[in-house]
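Okay, so chain A shows up in both of these, paired with chain B first and chain C after.
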Partner chain A sequence: MAEGRPSFKQYLKKTKIWKSIYRHDFTDTPKTRLQRVFGNVFLHLQPVRVAKDAIRVTYTWGLGGISFYLFLVLVVTGILLMFYYRPASVLAYQDIKDLSFAVTLGQLLRNMHRWAAHLMVVAVIFHMVRVFLTGAYKPPREYNWVVGVLLLVMTLFLSYTGYLLPWDQLALWAVTVGAQMAANSPILGNEGPFRLPFITTSNDARFGLIGGTVIGDATLIRFYVLHCIAVPFIFSIFLCVHLWRVRKDSFSKQTGEKVDVWPHLVSREFLAALLVTVILFAWSLLMNAPLEAEANLNVTPNPSKAPWYFVGLQELLVYFDPWIAGVVLPTLIIIGLVAIPYVDINPKGVGSWARMRWKRLGPLPIWYPEERPFAVSVFMLGIVMWFVLIFIGTYCRGPNWEWYWPWEEWSHRRITKFTLKDIPNVWGGLLLMSYFLLGSPIPQKVKAVLAQRAGPKAPVLASAALHLGLGILMSVALFVPLLTAADPGYPDRSRYPTLFESLGHAVNAPVMMALFQFVERAGPAAGYSLIAAIIGVLGLALGGLGMIFAKLKDRMYDELGLIKYTIVMSLLLMMMGVLAKIVLRLLFGVKYLISIPTFSFNI
Partner chain B sequence: MKRVYFLVATGLLALLFLISMWQDTDREWTRTQRRFFKTLAKDERRGLTGGIKQTIVSNLRRVDRCTTCHLAIDKPQLALAEEPFTAHPGDYLQWHPIDKFGCTVCHGGQGLATESAAAHGDVKHWEEPLLRGPLVQASCRQCHGDLPAIQAQAPLLVKGRELFKAQGCYGCHTVHEFGQTVSSDLSEIGSKSYLLLHADFEMMPEPHDRIHWFMRKLKHPRMLNPGVRPEELPAGEEEVFPTTMPDFGLAEDQIQALTVYLLSLTAHDFPASYVTPAKPEREPSYALDVERGKAVFAKFGCTACHGIEGAGGRRNWNAGLGQEVPSLMYAKAYYGNDVDRLKDLIRHGRQPVPRADAQAPQPGLYMPPWKDRISEEELDALVAYLFSLADRLPAVPPGAAQADLPQPSATVEESATSAN
Partner chain C sequence: MEPAAPTRDLWGWVDEQVGRRQFLLKAGWAFFWVFLGGWLLSNLRFLFPNVLYEPTLSFKAGKPEEYPLGVSEKWKKTQRAWIIRRDDGFYCFWARCTHLGCTPNWFEAEGRFKCPCHGSNFNRNGDVIAGPAPKPLWRCAIRLADDGQLQIDKARLENRAGAREQGDFFLPYQSA
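Entry: the complex of A and B
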């Protein structure tokens, strides 16, 4: 090549084609850094410059971006899978077998799609937790939090609709569990309470979901279209809104000097995507997506479990009627999540992780979030409960949904030995009423009136009387029927050795069993006085717990006002109530606190 | 630093991609094919290609990839002695060409699979095990309704069916509309889902498949279903008796034959062009009523409960009369003067059976009603046969008093009639 003549590359760079694609050169100058971002439609999602602290890995852990990237992975692998998959009941299972055995890299493709879907559910949930803990939902980002909650719901629904497509037993019966919840929805479900007069199996909510009275080809094509077109379409629209709002509302963290997005943020995003790909790839090589026997409506696996992210709800079916566990509680969870930014008026804690600090509470050291103690504790309790329920449902439930420890081997021949008992409605109603009354505050005005009329100590005394009284009432309302009241369904249900047979017919749950054994060993006098003491102490403890939070409650009421306080307190009490019901059933053998079969109202 | 991360991650990704490509090209079947092609001379290899081979039999909804490894199955000239390169024995392929039948329709296993364990059905979640050895005879029945015609090719299947009749299985089980409903319908037992067998599988060693379940069940019925003794149960719970299926004391070859027959009772529904219908079996004619009655006794499966030639001795938990199904040797002594009562008993059955212990659960076996299945002529012949059984009783010793003879037990009779 002669000197002075431009090289081929230099020539190429001068052509119109090159220029129309790249538009700028690659030297690293402040100008090109900016040009790269706003000259590119994809990168233009991001600002040109961003606060340095906002892009620290330990601030966001890249969870939102990773969720988005996993969505892209799912779209790509999903499109490739669509080439090999026919949504018909006689073909679907065979096509999945083909993917595993004959298609080049087919098994890998399916594994990646499957594991990416699971990973995306996890990433989206953790993203939500991160946003909560860094206070990134607070004004002006309330709306985007709501959009995010909708995206979470859609992520779960996307995953759920995809679960059916392999058309194996796992898929069929997991979807059956979900569809059954639709059948149990109130008003519109054929098996739910308050059913409208014209609702039958062929026009209820379940029919709408599965497109027939039984799961079949109609369901398969319905779920296929939902999974591949309808939900991703709506998801993408909401995703655009979500990302655009992030840009408009700016990042929640604004400290630190501003740095260029190219290369600082873009390189991090790229690395995160690369890392996720590597993990996903390795996971897919090591572990195959499950595929069981071909779907068969005539034979039900025992146990049939919903997809893991819904197993928590399925586990709740044990403690509540299906329409409560499957419809009301999930709706409340979503409403609660959506309500968070509107009822949380505490402006603190935006832009940094909740600062934790050790503090003494009476004799106990507690580790608590300094700036938003109430919000963070309640939210994290909810998240932990969700995962604990999933853990129980996945690892502790065997055939007939019996309790098995994770290390125990399942047996289809095991004989049930656990007995349960309904608490009579009057007692249960008393218990529930006292429980919800525990949430009532004593507003400042009332305190002032009390202090004026009966001396300065009156408000404190009134609060103590209220809480301790309610605590004792709850304890008594729980133990008295458990120990004494005869069980109306006695010979049918409690066919096993009963406790306290001299007093009534009770159950063999751990706590009751321990009490019984104590009575047997220590003799009736000592035993019964101990039980009375336990009832008293438990009542006082419950009341005391209420008293500890009394100040907080009163302050919250004064700050939030009646409406917000009612929303917060009822959601909180319902969440804690679910936890309490789990404990009551597993440890005390309480089946239902209130049971009104006419309305299928059993809680 | 970021550059290092980037390089490492990219390197890893490239490596993983290479591993996946390598895994995909170096599959079990590619190795098998290479092994086979090495044994061939150059001119023998002409026309043969590698890759996954499959037979698509759309009539039977089957796609079989077995020939991917079983390369010489229809080419005896290339076959080796070593599996999987043997040729198909016999001239079966001449009458059942691979393009029309595929492989799995007769041999079982997973046709779609391309790995040997999965293809042979030795994996979880595949419920059509490979029918190894003579078990393959079970598949003949799917098309060949006329079993005597294939006696030479499927001796075990024919023997199994004969045994099924001879042991009186029809007395409790139904197969295709014939038989009784005391126990389960066996019409589709050969495709029974494994999900229904979990509890039984817990009581037997591996492998947990249908074939071994049949063998176990036939050999030791009570081992799979031992019941629950009262001391193992919470107080107040009714005890669960072991299965009432009698232990027939079958020999190994009988068990195999019966397994083949039971495996042949599948839910598969083949196109008519594949099926040769069964010829109606001619009812043999008998000179004597007693002989005809004996045939009737066998045909309806009375043997299973009442014992061979009515000798009794089958266990029936908690039934009156010594927890056994009654022997029929004394039919004449009981009903000799009252034939109509015996006929009514056969017509209407006896259910529930009087219990030995009124507190314990119902006995599992009972006399089912036969009135819709048995004709009057057959019933007459049967009665004649039952009365003839008394001849087999040992003769009354000369010195014995009349009182020592077995007397009809009034109480049991009464309770039985009132129960009816």
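Entry: the complex of A and C
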């Protein structure tokens, strides 16, 4: 540019219009760096200066920001898609077809909307895991963790409601199943346990959700409004609170010198958004969002699978009645997540990733979270269980939701004769009761009294008696009915008169099959004595496991107090109980432990 | 005769207990919250429609002699029902899994209905053999209409052993 003559840009910056918009100049000085942040309503969301270590990529991986960015992408692509979409059952599917084949860039936008939704679910879950592992939910940030959990739930609900809108088979059956879970909710669902006397199919929770007794136009407009307006509206409110509280409660990491947010943090955010955009574009160009045949209310595709983030729930529904798997367990998961910051009184581990160390447990090397052993182990176990369920549902389930190994070829003609049996209520009740009693601690006070009255060894002996007794009781309560009880289905629903024979001949109860064959081959005397030995060993193993954790339990009780301990222990036992029930179903062919059909109450 | 003290002294009593200003303030706020809460809650009722535009649940399924023995899938795609003919008569299943409402498929070789969503298995009588379904399949009311056709009513359902094999839910029909 020639000397003396101002460029167009320089001229522009001197105009009144420019000055009315931008209050400061853009030369890089310490002053303008601050002005850029607090002079801009959007950047103002952030502080002007931030600890250097807090913005290291390896601390947060930018996951919260990425989730927020994906939400913005979803809003923009969603608004564009709305221009062509009409929420009526005769039109919706055609409109999606039009978007895919007749509208310029329609397919790309639809792909981006769908894949961004998937990415957002991933980002939000990982964000939660990150916040947990860096202890960032601990005081004073408890409340913001709760808001975050609600945002996670809403993210999933947004995915669920959006899923119906294309009105294809995939959509319809995922929503059929989801809506039917509402019908199974206790008290308010027509098919749930303890339903109120005036509840019918035309006024229960499912009816309220889908706006009728069958999924149809009323459901479509309902889900459309929820997806496009109602939930995003509430989501945005909670999002504001969430972001604002991050500012107000300050970052969990405060080490390192303070650096200017502009450019250090803003540039990182920009790069993260850029990277996500590139991934999203590549994914959307390479892969189309699935669209199956038009919804048919009478025919279900076989197998019918939910989107991946709900497949874990779908798999869980195989092992429990819908009111447990679909209503009680999700509610407990949410309550459990919300409760975490309030029951975790350990102040350690804030502001850095959980420190892991190799440690010996007997002969086994274990990777041990040093500062927060209990919290990190339990939380990660829950997360891993959830993803294992997703893996099973996605890769191990074929036609008729039967078990296929990932390398096995699916066959719609495979002959299978699966059988499941209930344990009689008394035994099942005993099993459940002794299982939950395993959670009972022996508080310090009781130990002192015991030691005073019956000698210094009394507390140890009491603990051994409690745990080994309960272990043996559980083992007995499981095996005795399976070996001796009559099959109530005989002769109508079952070919054999006893549970042992029925399950011994089933193909889906490997443990019972093996025991049955052993008894057949080795004769009853040898067979039953081996089984008695197994019962003993299993009982002692369960009791021994209880004893290993006895010290931890007692210490936790003394530190947490009755209420927090009860919450933590019940949640933990229920989580492990889910695992136990899965094992009972897959290895023993057990369907229910307690079944009271009159009240639709089955566990 | 003494006059009833409490009525005469009510304001005095209120004044003593909470103070008149406090009482009015509390009453005002109570009204505010009760009204707001009541109005918001009453909107829940708004979400439950009074008029439904849903297809009729009753249909005619042709003459009985058109059906061979066994499970007929003829009406599954249009009416979501299976009609089963036995030696001694007819019954009809609503083709809706009692677990979470998917449509099962009939597998003749195994004599089972199997659900594609969570793997429930039912036998010919609709009883649960395997999988998570808690209840037997629902049977629909079935009768012969005046014109000699089978009349199925999916609005009237029964699945309790004993009740489902008789009355409106089983149509005796002797095979020739």
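By definition in this document, the second predicted complex is superposed on the first by the 562 of 603 C-alpha atoms of A that agree within 3 Å, B and C clash if a C-alpha of one lies under 4 Å from a C-alpha of the other, contacts with A are read in each partner's own complex, and residues count from 1 in each chain.
Here is the rule we go by: contacts are C-beta pairs under 8 Å (C-beta built on N, C-alpha and C of every residue); 3 or more make two chains touch, one makes a residue touch a chain.
Keep in mind that this is a model prediction, so the values were computed, not measured.
Visitor: Looking at the overlay, does A:Ser159 come into contact with chain B only (first), chain C only (second), both, or neither?
Guide: In the superposed model, A:Ser159 contacts neither chain B nor chain C.
Visitor: After superposition on the shared chain, which partner residues are touched by A:Ser411: those of chain B (first), chain C (second), both, or neither?
Guide: In the superposed model, A:Ser411 contacts chain B only, not chain C.
Visitor: If we overlay the two complexes on their shared chain A, which of chain B and chain C does A:Pro597 touch? Say first, second, both or neither.
Guide: second
Visitor: Name the contact category of A:Gln46: first (chain B only), second (chain C only), both, or neither.
Guide: neither
Visitor: So in the superposed three-chain picture, is A:Gln314 touching just chain B, just chain C, both, or none of them (first/second/both/neither)?
Guide: second
Visitor: Which chain, chain B or chain C, ends up touching more residues of chain A in the combined arrangement?
Guide: Tallying touched residues of chain A, the top partner is C.
Visitor: After the superposition on A, what does A:Leu291 contact: first (chain B), second (chain C), both or neither?
Guide: A:Leu291 contacts chain B only, not chain C.
Visitor: Now for A:Pro399: first (chain B), second (chain C), both, or neither, which partner does it touch?
Guide: both
Visitor: What is the contact status of A:Thr104 with respect to chain B (first) and chain C (second): first, second, both, or neither?
Guide: first
Visitor: For A:Asn302, is the partner it touches chain B (first), chain C (second), both, or none of the two (neither)?
Guide: both
Visitor: Can you give me the overlap between the chain B contact set and the chain C contact set on chain A?
Guide: The answer is residues 296, 298-302, 399, 413, 415, 417 of chain A.
Visitor: Would you mind writing out the residues of chain A in touch with chain C in their complex?
Guide: Within the complex, chain A contacts chain C at residues 173, 176-177, 179-181, 184, 202-203, 207-208, 211-214, 216-218, 296-304, 314, 317-322, 326, 397, 399-402, 413, 415-420, 489, 492-493, 508, 591, 597, 600, 602.
Visitor: Contact residues on chain C for chain A in the complex?
Guide: Interface residues on chain C, with respect to chain A: 44, 47-49, 52-55, 76-80, 95, 99-105, 109-110, 114-119, 121, 123, 125, 127-132, 134-135, 161.
Visitor: Can you list the chain B residues touching chain A in their complex?
Guide: Against chain A, the touching part of chain B is residues 2, 5-6, 9-10, 12-13, 16-17, 19-21, 23-24, 52, 54, 61, 63, 65, 110, 112-115, 118, 124-127, 193-196, 198-199, 202-203, 228, 232-237.
Visitor: Once bound in the complex, which stretches of chain A touch chain B?
Guide: Per the touch definition, chain A meets chain B at residues 90, 94, 97-98, 101-102, 104-105, 108, 168-169, 267-268, 270-271, 274-275, 277-278, 281-282, 285, 291-293, 296, 298-302, 399, 411-413, 415, 417, 495-497.
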